[in-house]
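You will see two complexes here that share chain A, one where it goes with chain B and one where it goes with chain C.
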Partner chain A sequence: MSASTMAGTPNRAETRAIKRSPYPGWFFTPAAIIYSVLFLVPTFASLYFSLTRWTLFDSEFIGLENFAQFLREPFLIKGLVNTVIYAAVTSGLKVVVGLLLAVMLTSQIVGRGYLRSVIFFPVLVSTVGVGITFTVLMHPTQGMINETLALFGIAGPGWLTDPNLALYSVALVDVWKGVGLATVIYIAGLVAIPQDYYEAARIDGATPWQNFWYVTLPLCRPATSTVITLSFIGGLRTFDLIWAMTKGGPGFASDTIASVIYKQYQAGFYGLSTAGNVVLFILIALLVVPLTMFLNRKQGHE
Partner chain B sequence: MKKRTSILGGAAAIAATFVVFVIPFIFIILMAFKDRQQSALRDFSWPTGFHFWENVVEVVKTRNWMMITAFINSSIITVVSVTLLVIFAAMVGYVLARRKTRWNGLIEFLVLAGLMVPPAVVPTIWLLQGLKLFGTLHGMILIEVAYNLPFSIILYRAFVATIPRDLDEAAIIDGARPLDVFFRVVLPLLWPVTVTNIVVQSVGIFNDFTNPLYYLPGNANATVQLTLYNFQSQFSTAYNLLFTNILLITIPPLLVFMFFNRQIVAGMTAGAVKG
Partner chain C sequence: MTKTKTKLIALMGASTLGMLMTASAVQAQQSGYLSILVDNGPQSIATMEAWAEAYKAMNPDVTIDIEVRPGGGEGDNIVKTRLATGAMADVFSYNSGSLFQAINPTQNLLPLTNEAFQDGVQDSFKSVVSAGGEVYGAPFAPAMGGGIFYNKPIYEELGLEIPTTWDEFMANNEAIKEAGKVAVIQTYADTWTSQLFVLSDFYNVLAEEPDFAEKFTANEAKFAATPAALRGFEKLQEVAEAGYFNADFGAATYADGVRMIAMGEGAHYPMLTFAVGAIAETAPDYLDDVGFFAQPGDSAENNGLTTWMPDSVYVAANTASPDLAKDFVAFIASPEGCDIRNEAVGATGPYMVAGCELPADVPPSVSDMLPYFQEGGQNAPALEFLSPVKGPALEQILVEVGTGSRDAASAAALYDEDVRKQAQQLGLEGW
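What follows is the complex of A and B.
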C-alpha cells in the first residue's frame, strides 16, 4: 500500500481529498447495481422463500418444513451424499492426475506442445456436447468403450445404467474434461519453484522419488490448494454434466443437490427448490471454508 | 541413455493421451460424416460415404432454422455481456487497487462470495419476472454479467497493482478528469488482461448451459447449448445429426483455442502461484 493520503483517521481535509479523489467511488456503481440486484437480492430472498410454500405469486410461511422434508426424503438425502462424493472424487482425481501430467509436461519429454494442447482442449468444449458424446461412448452394449473392452475379452460394466456406478462414471468424464485446467495450474506452480532446491537435492544425492516427495510436492502447495478449492466448489455445484448424461438416473442414483434443485423447480415446488439452494450454500460454506483454512495453515508452516 | 528414455516416455505419453483425449474428438468427426444408418451403429469406423454437408444442412434447417437463431442469440449474449463485464470490472478493479478505504474489505468479501455462493435460481426468476426481464436476452445478459463479475474483478485488480501509479498521477496533474484518466490512460495499459478476460469469459458464457436453461426458456430465445440439449431427444435416432451439431458448436472454442491459447492459460491460472 503506498503512502496514500486517505489512510488514517479522516479529518476535514482528508474528507475533501476523498471527495476529489482521482479514483472516484462511483466507478463501483454499475457493477454494484447489477451484482446487488441480480445476485445479492435473490440470495437474501432465498433465505426467506426457503421457509415457505411458494407459487411465485404468493407464499405461505411454513417454517423449517422444507428443510425437514429434505432430511426425511431418502432420495433428497441421496442427492446430498452424492454431491459430496462427486466433489471429493473429482477434486481428488484432478489433483493426482493433474500433478502427474504437469510433472511429465515440465520434464524433458518429446511432444510437449502437442500433449499440452490435447490435455487442455476439453476444458473449452461445451459440457453438454461432452456429456452427449460420452453417453454414446459409454452405452453398455453398443458403446465404443465396452466394444473395445470386449476385444480383450473383458465384459464392460453398464457405465451409466448401473446405479452403483453411474455417479462415478459421470465423475470420470468430469475429470476427463477438467483435468487440463488442473494441469496448467500445476505447470504454473512447478515452473515457479526455484531450481536451487533441485540443485541442493542433487548434491545430497536425492533419488527422483525423493525429489518429488520432498521438494516438488511441498513447494507446489499453493497450486494444490487452488486446484482443490476450485474443483471442490465446482464439484459441489455441478449440474450441466450430470443433467446431460444421466438426468440424475437411473432412479435417483446420480442425483446431486443441483439436479434436485432443478427437478423441484420443474415440478413447481419452488419453496423446496429454494431450500435446496440454501442447503447447497450451507454445504459449500461448511466444507469449503474449513478446507481453505486448512490448506492455508499448512502453507504457513513451510 | 537419458535422452532415449525420454523419447520412449514421450512416445508412450503421446499414445496414451491420443487414446484418451483425441479419439473422442475423432469419433465426433467421423459420426458427423456418416449417414443415418451407419451412424446408428455408433462404432468407430470409417464413413462409407461423406455426408457432412447434407448433415449440416439438415441440422441447420431443423425446427425452422433454430440453429441460426441460436447462434445469433448466443453471439449477442456473449458479445454484449463480455463488453459490459470488461468495462465494469476494469472500473472496479482499478479503483479497488488504487484507493484504500474501509469499504475495500467488504468489496473483497463480496467478490469472494460471488465466486463461491451458488446463485439462488427460483428467487432470481421471481425477481426477473418482476423486472419484466425473465426470458429476455437483456435479462440473460445482465445475469451473465452479475455472475461473472467477481472473476473479472480479481483479474483486473491484480493487474492494476502492477501498473505504476506515476502514470495515472501524471495525467491527473495535467488536469485530466477521472473518466479521461481511466479510459485514455489506464484502460489501454490494461490491454493484456483485457484480452485474457475477453477470451476466458466468452468461452465460459458461450458454453453456459445452466443459466439459459433456467432464465431463457422458449424456442425464440434458444442458445446453442440449449438447442443441442433439445436436439438430444429430437435426434435420438439420428446420431449423425446429433454429432454434426456437437461438431458445429465445438468450432468457436476451437478457433479461440488456436489463436488465444496463451491468454486462456494465463487467465485460468491467475492467482494459482501467488500463495
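What follows is the complex of A and C.
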C-alpha cells in the first residue's frame, strides 16, 4: 500500500514482496496442514483408488478399467442426461421464480416481512424431511395432490411413479425448497439498485414493464449470476432429495450421477464408485468453469 | 472414551473366560456385554428381543444391547462398512448365500465350525454360510419358499383352482380381472419386492438346465441367452402387459402388499414366505385367508418350489467377547431358541435345526408350503445359494420391466452386464 503512494511506478516483484512480508511463512502451516489432511490427501487417495478394484481391505490396481466400466454403465448415460436436465430445470426456474418473487417482495405490499419469511422457510427445513413429505403428497391414489385434483374431475398423473415424470416432479420440489434462497439473493440485488435509475426512467415515461426489462433486469445481473452458479452446481451434485423421493426410480428414470455413484458404493464396488466421483468432479468442472467465466465476462461489460 | 470402553469390554471378556474355566460341568453362567445388530423387520426385532430377554433371564450378569439397521441395499451398505472399519457389533444377522460371500467372511467373521451346536444344523444350511472350509453362521429363522401368496376367499368366490402351470395361473388372473378385482399385487416403493417373479422361477430354470448355476458362476451361461432363465423376466412382462397390477403398484410398499393380500384387496402377491410373519403382525384376523403356492412352470408334472435359506447370525472376527457371543449364538440355534421364536412371531416355515418343531396349528400359508419340503416334495434352492454372483441392480431392472419401460429380453441382457461387476469384485475366474 505504501508503495503506491511513493513517486514513480514500483515494479511488480517489489510490490508482491512487500505485500507478502507482514506474516512469516509458518503462519500458513496450520491452515496448510488442515487443508492437506482433509482435502489434498483424500483427493489424491481417491484418484489412486479410482484406478483399483477396492474392497476397503485391499486393492488391486486395474488401470482405467473402472472408468471404462463406469462409462459403460447402461444407466450412466441416462444419469448424465438427467443430471444436466435437473440442473438446468432447477436453476432456470429458480432464476425466473426467484426474481419475480423478489420484485414482488421489494414492492410496497401488505405483510411483506411475513411473506418474505414464508418464502424463505422451506430453505430451513431438512431436505430429507421435505422429500418424504412430498412423497406422501404425491402418492398416485392416496396423495393429497391427486385427491385435490380429483375434486375438480382431473385424474392426476403418477407424479413419482411415471418414469417420464418422476425427474421433473423431484425438480419441482427442489425449486419449492430452494427458491427462497434465490429470492433472498435477488432482494439484496434489487435493493442495491440506486433509485436514480428508476427516477430517470419515470421522467422518460417508462412503463412498469420497461422499468423491469431495461432497468431492474440488467442491474441485477450480479445476483442472477450468483443464483445461476449456486443452483446449477447444487443441481449437478444433487442427491439427498432424489434419494429421499425416488431412489433414482422408477427403475433408473430419475437417476443422476450422484445416485448412480451411491448405488455402486452401496453394492460394495468401492473402486468403481470412486471412479464415478472423479467423473462427477470433472463434469462439474467442465460445465461450471466456462459458465462462471461467461457470466463474469458479461458482468465486466456493464 | 472408545479406548477405555474397548478395554472395559476386553476385561469383561477376560473375566467371562475366567468364569468359564472355573465353572465345572454345570451349565456355565455367562457374564459380560454383548452388542447385537439386527435388521429392522418387525419379525427380526421381535425375535431377537425375545432371545435376548430369555438369555438374560438365564444369565443375569449379561448385558445385551440390540441395535437396529435398515434392510435391503441400505443394510448391505451398513454391514459392509461396519465390518470394514472394525465397528461391527459382536453378533449380527445378515443374509446367507451370495450376499454372505460378498462380506469377505474369512477375514471379517469368527469361524463357528467346531461349535457343538453345529451338529444339529442341517448341512444344506451350513453350505450357504461356509467359505474357505469354515462354517460361519447359525440359522436366524426357518427356511423360506419363494412363490405366490393367494387370497383364499377370492379363489372360493370365483371357483378357481390352484394353478400348476403358468398358463393356468394366467387364466386365473384373467378371471380375477374380469371379476373387477386386482389380480396381481406389486409394490415398487420397496424395489426389492420386484424381484420375486424372476427369483422364484429358479426351480423351473433348474428343471430344464440342471447345471445353470455352475455355468453362470463360470461366466458360461447367461440369462439372456438361456431360454429357461429368460422365462422369469418374460413372466413379469406378461403379467405387467396384461394390466393385472393394482393401480398404485408404483407407490405401494411391502407393508401395503401384505395388507392387500390378507384383506383381499388383491388375489396374488409374489413374495417370500417370511411375509407370513408380517401378515400375522398386521392383519392377524385374516391370517387364515391367505394361502401359498409355488410359482408355476410350463409343465404340471414338474411343479416345485424355489427355496430360500434363512438369514444367519454371525460373530464379528474382532469381537471383544467371543465366548459369550458363541454361547448366545448356540442358544439361538437350539430347540429352545426355536420355541422362543415360535412364541414371539409364530411359525413361518420348517426349521434348519434338529429337534426344532413347528406348533400344530400353523397358518394355511405355511402348511401349503410344507409339502414341498417333505419327502417326495419337489424343491430347489434359489440361485443366490448356488452361485455367489448376484447383480445389485436386478430390482431396478425389474421395476423397469414392471412399469413397461423395458422388455424382458433387454432386461435380461442388462442384468447379465450387471452381474459382471459383482463377479469381478469377488475376483472370480473367467470374468
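Details
Just so we're on the same page, the second predicted complex is superposed on the first by the 268 of 302 C-alpha atoms of A that agree within 3 Å, B and C clash if a C-alpha of one lies under 4 Å from a C-alpha of the other, contacts with A are read in each partner's own complex, and residues count from 1 in each chain.
Methods note: a residue touches a chain if its C-beta (ideal position, glycine included) is under 8 Å from a C-beta of that chain, and two chains touch if they have at least 3 such contacts.
Worth saying up front: this structure is predicted, and the values here are computed from it rather than measured.
Superposition of the two structures on chain A shows chain C fitting alongside chain B with no clash. Of the two partner chains, both chain B and chain C are touched by A:265.
Contacts of A:161 after superposition: chain C is touched, whereas chain B is not reached. Looking at the shared chain after the overlay, A:205 reaches neither chain B nor chain C. Once chain A of one complex is fitted onto chain A of the other, the partner contacts of A:194 are absent, as it touches neither chain B nor chain C. In the superposition on chain A, contact is made by A:139 with both chain B and chain C.
Legend: residue contacts after superposition of the two complexes on their common chain; A:247 is shown touching chain C, with no touch to chain B.
Of the two partner chains placed by the overlay, chain B and chain C both lie in contact with A:56. Looking at the superposition, the partner that touches the larger set of chain A residues, chain B or chain C, turns out to be B. In the superposed model, A:74 lies in contact with chain C only, and not with chain B. This overlay, made by fitting chain A, leaves chain B and chain C with a least C-alpha separation of 5 Å. Comparing the two complexes, residues 56, 139, 142, 265 of chain A contact chain B in one case and chain C in the other. Of all residues in chain A, only 1-2, 4, 6-7, 18, 21-25, 27-28, 30-31, 34-35, 37-43, 45-46, 49, 54, 56, 104, 107-111, 114-115, 117-129, 132-134, 136-137, 139, 142-144, 147, 176, 181, 184-185, 187-189, 192, 221-223, 225-227, 233, 237, 239-240, 243-244, 258, 261-262, 265, 270, 273-274, 277-278, 280-281, 284-285, 288, 299 touch chain B in the complex they form. Taken together, the chain C residues at the contact with chain A in this complex read 73-74, 76-77, 80-81, 84-85, 102, 104, 107, 188, 191, 247-251, 392-393, 396-397, 399-400, 403, 405-406, 414, 417, 421-422, 424-425, 427. Contact residues of chain A toward chain C in the complex are 53, 55-57, 60, 69, 72, 74-75, 139-142, 158, 160-163, 247-253, 263, 265-269, 272.
Contacts from chain B toward chain A in the complex involve residues 2, 6-7, 9-11, 13-14, 17-18, 20-22, 24, 27-28, 41-44, 87-89, 91-92, 94-95, 98-101, 103, 107, 110, 114-129, 131, 142-143, 145-147, 149, 153, 165, 168-169, 172, 178, 181-182, 203, 207, 209-210, 213-214, 224-225, 228-229, 232, 239, 242-243, 246, 249-250, 253-254, 256-257, 261, 264-265, 268-269, 271-275.
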